[in-house]
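Labels run A, B, C and D following the written order; every chain starts at residue 1.
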Amino acid sequence: MSQLVTSTSATGTRATRVLGLLAILVMLWVVIGGLVFTPQDVVQGESVRIMYVHVPSAWIAYLAFILTAVASASWLIGKKHSMGFDRFAGASAEVGVMFMAITLVTGSLWGRLTWGEFWQWDPRLTTTAFLFVTYLGYLAVRRLEGSAEQRARRSAIIALLAVLEIPLVHFSVVIWRSLHQGATVLNPSGDVKLDDLMLFTLFSGVVGFTLVFFWLVLHRQRTMLLLDVVNRRGLDTAIANRRAEGSTN
Amino acid sequence: MSRPNNGRVFSAVLIKDLRIEFRSRVLMNQVLPFAGLVMIMFAFALDNDDVLQRVAGGLVWLATLFSSLIIIQRSFAVEAADQALDSLRVAGIDLAGVYFGKAIALTIKLIVLDFVLLVTAMLLYRVDLTGSGLVLLVTCVLGSTTGLGFVGTLYGGLTAGAKGRETLLPLLLLPVVAPVLIAATRATEAAFASGGAQTSEGWAWVGLLAVFAAVFGVGGSLAFGPLIDE
Amino acid sequence: MKDAGFIFGSYLVTLGSMVVFALVTLRRGRKSSGGVSDSDKTWL
Amino acid sequence: MVSEVISFVDAVIAYDNFPAVAGATFSVDSGEIILLQGPNGAGKTTLLRACAGLLPIARGNATVLGVDLKSDRATVRSQVGLLGHSNGLYQDLTVAENIGFWSRLVGAGNEDIAQAMRLMGLSERLSAVKISNLSAGQRRRCALATLIVRRARLWLLDEPHAGLDAQGRDELDKTLRSARDAGATVVFASHEIDRAQALATRRLKVTSGVVSEA
């Protein structure tokens, strides 16, 4: 076997393996703690257990989109337009969209148990749904054809426009509901009394999901870099071929 | 060669776009009938005079959004057909001027569209309009069509010539214009006094429309050039 | 446990998506890393 | 005044992973009329679009009118006129309106419009006809007229003779020569070998993405 095969994980390093191991351990605790050790809630009953995965995934999704915006702005402002920022923005948005999907699914399962309905036109839920669709659009823009720089510029601008859009959507949805529906707004975590163990589990969830997030983004970003390099190599070969063709004619 | 200035580019593009519409009459002969048809279909689907009266505002703005998608596509199909957009890019002219020219042309078309839709709603859905309601309604139409014109031109330019633009444009545009749909609907309901709404309630929503138009007017003029650039 | 389906379901969805995303990413990375020399892998 | 209008050194221009121009090293001086010669798919169109600042340079170096194409394509664009395979005209507008649109964009006057139309042999009668009702050759002339009102310093023409009748070709050649006399530089691709060679002051051969002196 040649040297190329020696590294078992192409995008992995010792650091990511440690990170991954830590993530698995923490997640194990979150699952066991969330499903077994923690007590049920006085008001919500067993359904409070969904909180331990729902709340962290929402939190991480928002973190992901903030990081996408920061990386996009860095790409635009930076004189060198470093493609690393672009790859990070893309990787973070992809992972963020996944966490947002998890948030929506677990949230509606929890809602079915608590409210008796999968969906409520609550401002927070509605904004979250819009955020999800907006970043699906962002990912679609990343897939548009064009040069690498063009793709980076377009998607960076779309990411920053999303930052303009989200507060406007949220604000309008908030007053849309408050003017007409009065106080039917349900606060998803408002009436929960968390004891120490429950708080600790929720906190571990946030930590564990953050570890998972960074592990995924690191690997995704490196995969993108590998693909860029492969493409660049492909271009080099193509240039050499075409030059040879052009000189012999 | 003199460096072209903004105002000249703006007026040239605005006049050009309106003239093309005047010649081809796509809005007149295709979009307006489509929008009117949608209003009639709503009546079939809901089949209840009281409900129609109550939701008339929402239906008008829903029909506006869907029709605006067609108008926006058309506005950039004209540029892409003979690759005039390439000529505009090469010309090195100020693209913010192009942006405002196309946006205002789009706004004017949307105003015509909304005028027809609102009149249709008043006739078909039997809504009433008071004097103060009319003032509110006109302001609301101006605010929301300006906002839609800005956002539509921005995302229309991005998707012009792209693969799958027919589906990409709605995916990008509809979430962004949700505030316009909400605010314009509420303001129109206030103007129509649907469900006992007060005219005064509508003005707060018009404020939101103005903020939206201002934000995307500024953001769009900065973003449009880099977005359509190759 | 009451409502076990919903609760286990939400854990399954969460962990499942993470694992699938991780596996797909690792596989894509491994597939394209064959033609890339270690000097281009800035993280090594 | 830059005497070297175009300078390419080992420049590569690629679409995704296809190097349409794989290696271009050449320079063009002010006042030249350059003919790009080569078979279809050799990279002539790509080269012209890159010179107009429409395409990024993937490898190597390229300057046009003294401006680096890698860092500042926007400045290049304001000083060149590109006529591609498409004419860039609005089908629903008349000849006069299309030319008028461009003259308004760049701040040219009515005399400029009249002169451009006269130079391209577009009669008064034609000026009020919609582009969609014109023949291919007439559209071509109209497109060239829009370039004339823009008073570009560098003219990049892709198959300008295509679709023109004999008279139109003569007029085009005359226009290009007078543009050159007025200080413009012309780079064009053409399959009208005899006519093009008579017009050109120098030729460049483009073969499979490689540009060399003919």
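We take it that contacts are C-beta pairs under 8 Å (C-beta built on N, C-alpha and C of every residue); 3 or more make two chains touch, one makes a residue touch a chain.
Being a predicted model, the structure only gives us computed values, none of them experimental.
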item: Chains touching both chain C and chain D, listed by label; value: A
item: Identifier of the chain whose CA centre is least distant from the whole-structure CA centre; value: B
item: Between A-D and A-C, the pair joined by more C-beta contacts; value: A-C
item: Rounded Å distance, chain B centre to chain C centre (Cα mean); value: 42
item: Centre-to-centre distance between chain C and chain A (centres being mean Cα positions), rounded to whole Å; value: 13
item: Intercentroid distance (Cα basis), chain D paired with chain A, Å; value: 47
item: Distance from the mean Cα position of chain D to that of chain B, given in whole angstrom; value: 37
item: Chain C residues counted as touching two or more neighbouring chains; value: none
item: Junction residues of chain B - those touching two or more other chains; value: 230
item: Chain A residues counted as touching two or more neighbouring chains; value: 145, 147, 150
item: Each pair of chains that touches, named by its two labels; value: A-B, A-C, A-D, B-D
item: Residue ranges of chain B in contact with chain D within the complex; value: 1-5, 8-9, 11-12, 16, 19-20, 23-24, 78, 81-84, 86-87, 89-93, 230
item: Residue ranges of chain C in contact with chain A within the complex; value: 1-4, 6-11, 13-15, 17-18, 21-22, 25-26, 28-30, 32-36, 38, 40-44
item: Chain A residues touching chain D - in the complex, by the definition given at the top; value: 145, 147, 149-150, 231, 234-235, 238-239, 242-243, 245-247, 249
item: Chain D to chain B touching residues, read off their complex; value: 52-56, 74-82, 84, 86-93, 97, 101-102, 104-107, 130, 146, 150-153
item: Chain B-touching residues of chain A, taken from the complex the two chains share; value: 130, 133-134, 136-137, 140-141, 144-147, 150, 153-154, 157-158, 160-161, 164-165, 168-169, 171-173, 175-176, 179
